[in-house]
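Quick one: the structure is below, and I'll ask about it shortly.
Chain lettering (A, B, C and D) follows the sequence in which the chains are written, and residue indices restart at 1 in each chain.
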Amino acid sequence: MAGSNLGTIFKISTWGESHGKGVGVIIDGCPAGLSLCETDIQKFLDRRKPGRSKFSTPRKESDTVEILSGIFEGKTTGTPISLLVRNENQRSKDYSEIAAYYRPGHADYTFDAKYGFRDYRGGGRSSGRETIGRVAAGAVASKILEELGISILTYTRSIGPVSISDERFDPNEISANPLYMPDAAAAAQAQDYLNHCIQNQDSSGGVIECVITGMPAGIGETVFDKLDANLARAVFSIGAVKGFEIGSGFDAANKKGSENNDAFTTDSDGKIAKKTNHAGGILGGMSDGDAIIFRAAVKPTPSIAQTQQTVRKDGTPIEINIAGRHDPVIVPRAAVVVESMAALTLADLLLLNMSSRMDYLTTIYTDCK
Amino acid sequence: MAGSNLGTIFKISTWGESHGKGVGVIIDGCPAGLSLCETDIQKFLDRRKPGRSKFSTPRKESDTVEILSGIFEGKTTGTPISLLVRNENQRSKDYSEIAAYYRPGHADYTFDAKYGFRDYRGGGRSSGRETIGRVAAGAVASKILEELGISILTYTRSIGPVSISDERFDPNEISANPLYMPDAAAAAQAQDYLNHCIQNQDSSGGVIECVITGMPAGIGETVFDKLDANLARAVFSIGAVKGFEIGSGFDAANKKGSENNDAFTTDSDGKIAKKTNHAGGILGGMSDGDAIIFRAAVKPTPSIAQTQQTVRKDGTPIEINIAGRHDPVIVPRAAVVVESMAALTLADLLLLNMSSRMDYLTTIYTDCK
Amino acid sequence: MAGSNLGTIFKISTWGESHGKGVGVIIDGCPAGLSLCETDIQKFLDRRKPGRSKFSTPRKESDTVEILSGIFEGKTTGTPISLLVRNENQRSKDYSEIAAYYRPGHADYTFDAKYGFRDYRGGGRSSGRETIGRVAAGAVASKILEELGISILTYTRSIGPVSISDERFDPNEISANPLYMPDAAAAAQAQDYLNHCIQNQDSSGGVIECVITGMPAGIGETVFDKLDANLARAVFSIGAVKGFEIGSGFDAANKKGSENNDAFTTDSDGKIAKKTNHAGGILGGMSDGDAIIFRAAVKPTPSIAQTQQTVRKDGTPIEINIAGRHDPVIVPRAAVVVESMAALTLADLLLLNMSSRMDYLTTIYTDCK
Amino acid sequence: MAGSNLGTIFKISTWGESHGKGVGVIIDGCPAGLSLCETDIQKFLDRRKPGRSKFSTPRKESDTVEILSGIFEGKTTGTPISLLVRNENQRSKDYSEIAAYYRPGHADYTFDAKYGFRDYRGGGRSSGRETIGRVAAGAVASKILEELGISILTYTRSIGPVSISDERFDPNEISANPLYMPDAAAAAQAQDYLNHCIQNQDSSGGVIECVITGMPAGIGETVFDKLDANLARAVFSIGAVKGFEIGSGFDAANKKGSENNDAFTTDSDGKIAKKTNHAGGILGGMSDGDAIIFRAAVKPTPSIAQTQQTVRKDGTPIEINIAGRHDPVIVPRAAVVVESMAALTLADLLLLNMSSRMDYLTTIYTDCK
């Protein structure tokens, strides 16, 4: 139970290190009969691939996925889907120096504290490459959501101090700029800010926002497997995330009940709806039929070229300069990781919810036969 | 899997509704040999008990816990610990009105959407009384932490716009005011603010902060069961929580790497430590030996006496006034719930970590025999 | 994870010791909308209640169940169902002697080896009273099966050397004799045999058989959660079970493929069926639509009045005579426990199977809305 | 949760079909610091490899394992271990005939019943090749057991009516004959029997026995995760197993308590031991320090060359002759699969047991630091 498993029905197990032979994931519990091919997954992987702009690390990896099992004649069979991405750029560089000290903001020290030693090559299991398994599985989960008419829009809300304006929000803009910001003006400003960071051998944090539409109401389990709780855990399990909020989030703490409550009403189809959405689409841990909106705060990339102070394994102080060019900001590449974690969470809870009512049970076992 | 289970080793299952016969929890996986009596648990339950100040609901419940199993001669035996709190105040009031409409900010609508109907008496399973099981189990988890020298300090950071000042921080003040704020001046100001809310038949949100000291480094599993991810999920599973952050949290998104990185150094004992703690005591999902610091944003109590607009089950609009006096703010009573969820998460991950190394295995199976 | 949890969707957590305050179970994941009252459960508990014939222990327990949560207006709500049976006969007898030595065939020694000490009063958690939680939960699972037209027939196949004859098999006979044998002649012979055992201060083992009809085909998950594997585990987890077999079972090891294979055919409705049922209703770990047939071997009650040799905790040899009258055979009372474990396994796998196909998913989320 | 996951701490996820790109397994939760190389795993895989004698299928597969992750400098790192075996012999034969009908004794019909269709090439996921993942993971679990001085001896007890004699039992004989029988005379007789089966285009069943020595006492969790229950499930999850028994097993049902009870005594070292071992090394679901002995009944290979009657998918009757040469008995090759399932079960329960006592906890977190 070293933690690389997620999900109750739609279960994934990821594996792989930065400089091992590859990375990958097994999905067990994907329903049979879903159309799936490598292109479906590759599209997602390409969104997190490095080297696509000057704002990401230039490590050269094609990140080509191979489906090893679980598909027959273009459809999932109900058996485990094994996905493999070979590492291509893991050449035997000299890591003896990095092995000897602890990089600030990285997991070097805690890995040693936990296991007594670590695979220090390129961060080992705590490398960003670990997220490839998540994204590959997230692509499959997203295909399920798509079949049910559920879609997820993920974008950069802010980079450092530069935030998008809700007035200028344009979803078409997201893929039009390298920062995935749905606001061209903010994107331009953020690029200036990042260029400034790069010049100063520094990095930046940012906020990712995710909007899910089309969710049926009632998804999420009460008490510990609330939809928001499971989203929080899934998103917080991404390396650099330091904060998570739903709907009005931290602002709700400053609000009064009369301001924060969303009055119920009916929409044009006569369906029950809410007049506002401070709840972010979740009430009592279950989807309320409204758009689900959450945000994740991402810390600045800890690998910076500036001189930093740290210690060797034995405690002796040392000044270090982390070599190579790293992502000055990981927010744009992390967006698809956040989206994948959301998709995995939703798919699992949708599948779990199928067993929540006796009438569903009799529908499947009586009417479907 | 309706979601009332939590934990991998230290597993809890809570049960009970607001107006059923009682509420409770089973703990399976508590190590044998822990001293435990009902007083240990009652102390925790008393911290969340209603009616202790004018800022909490006056519902009369003694919330007396009974240990039904798992203890022998004052010690845990390794078998399940069943804890029971009988409901005393569930008299058969007329709930026909509340059954007919959906209260804003509550789970009435989503329960109906999920299950087709709901136990509408006092909120049923989504009542705040559900947290009694969490707190009772959290008291047991806290006893384990205590044995290992780990302690948790939980308090109110802010109520509405009134926040504590770090300069005036005084832990002794926490239990000295009804709002559990470690700052007498802020507490006074917050009470004024709440009185104002009560006068206006309104309610307030707030922020709870939690500081954990004494954690060994290396606790937390990589990838999905990171310490911060599991804390996020555990805390977010509490009904009113809308945001969660660790260390510098959302502020990290505005920072540069050079500002947010914590340089490593050694402390006075020569032990590896960090010069600052923006990380909030967690690196790569594992404890780094430093204090773990997190915050949870709590929304304002949705039950307010003001007239609110909503709909009946069939969609017809209705104006409602929620009767009875409700907590104008749940933050002070929720503090012990947050602390309990943290204790449960830490205990489980500490137990899980025992199987992380071959040398631990040989220690237990060779040296201990 | 001390092992008192079972199930993935229909999850149960049992608790309680022989001489604690009571025993019980929480069911989490029972679908909403199932009619359920205490009588449904009491009927099952009464089948395992002691003192119903001279062939069972005369310990006086009414074993009255109380539903503490999860039911509203006669139906399950989807939230946890907590069931409680208070112990009535746990008077403080002197257990100091039993505390000092290890009874042959009991878990005294292994409990001490595992935990360092044990609750020695009446066997503690390893007492037969532990099965009350299983049976109470099994009664609920059986109600679900009933709704789907699935029924389970459980009976005594043999007691010691006395076995029923398939020619004389009469299901109506089962409840007509105290040994639950579907064969009056065998039942009479077995009673003679047991009287002989009682006279010699001895006990007997036996075999329980279970026949499940009405199961849809395709239930059970491939590889590790095969229907037969999960049945094996569930039944083997009952204290005295030493063997388990499905269909032709151990006989299959002596057979040739041409003898053991079941030819496929169609039944009178044109439905695909098998000409024989050596498979016991399970192929490749999934139900094949035929009757599921399994047997469990139950060891003789270890508590016998004869003088036995054993050791004290410190290893000194001692001769003991276990006082009190114990069940000379537990097979008849264990039948309902076996049936309950089967019902729990089937219900869980039926619920799990609901998420196995995309067309089920679209049925629930599109057609049912 | 389609069933390809096993274990609570030492978790495995297997994947792969007979005619897909390969088969494999991920192990998550293997303790860090275990020496492990591909040879350790290959030795196990070679024991199940086809084509080693005339009594196994001649399918040509080198079954070469590749470790993709989780090892650094010859030791496990605590992160997931991904093991891959490429299929080499999956050439595109014409399977259109086999796709159209249901082979007796196989999972063809139940797969269709569950999922609506199936990957019919060579049995797909229900092929014997699925066990490669189990054996690869079992090899790793066995390395852990070895470190603790625990060893497992697995052999063929009987083939059809030919059983070994306990008087002639010789462990050195096991690897000396192609049937893995620890009795040269029985092995010779069994080969004659199998030659006779082959001549008649028939197959045979048999019994595998497993003896585990060196287990510390107290391993196994009470109630549902009993050591014997988990062994039963693990072994019963192997395709062809139809019966499982521990110690005296089904014979215990014919015994009296005075015959079946094992008196406690002390061994030559003064350690508590049992005079006999009818219990098979397990009392109350926990290891008692004695040898653990269990047996599994394996059905005859269902693929036989004789003409068989069955139906097409639409129910029309058809006579079939299954082409190709199949294993006339799978018992010898299945022995290592049974051993692997035992090793996986023991390793997981040994790791789980580490968190069973407060003194273990303080040993690890206080003494080890």
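To be clear about the criterion, contacts are C-beta pairs under 8 Å (C-beta built on N, C-alpha and C of every residue); 3 or more make two chains touch, one makes a residue touch a chain.
Please read these numbers as outputs of a predicted model, since none were measured by experiment.
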| item | value |
| --- | --- |
| Smallest count of steps, each to a touching chain, taking chain A to chain C | 1 |
| Contact-richer chain pair (by C-beta pairs counted) among A-B and A-D | A-B |
| Chain A-chain D separation of Cα centroids, rounded to whole Å | 38 |
| Centroid distance [mean C-alpha coordinates] between chain D and chain B, Å | 44 |
| Chain A and chain B, separation of their C-alpha mean positions in angstrom | 26 |
| Residues of chain B engaged with two or more neighbouring chains | 1-5, 8-9, 14, 29, 32-33, 78-79, 114-116, 125, 216, 222, 352, 355-357, 359 |
| Residues of chain B touching chain D in the complex | 8-9, 29, 31-34, 76, 78-79, 144, 147-148, 216, 222, 350-352, 354-369 |
| Chain A partner contacts - residues on chain B that touch it in the complex | 1-6, 8, 14, 102, 104-107, 109-111, 113-116, 125-126, 130, 158, 160-161, 197, 200, 202-207, 216-226, 228-230, 232-237, 239, 241-266, 270-272, 275, 279-280, 283-289, 297-304, 306, 308-311, 315, 317, 352-353, 355-357, 359 |
| In the complex, chain C residues that touch chain B | 1-5, 8-9, 11, 13-17, 20-24, 26, 28-30, 32-33, 66-70, 72, 75, 77-82, 84, 114-119, 121, 124-125 |
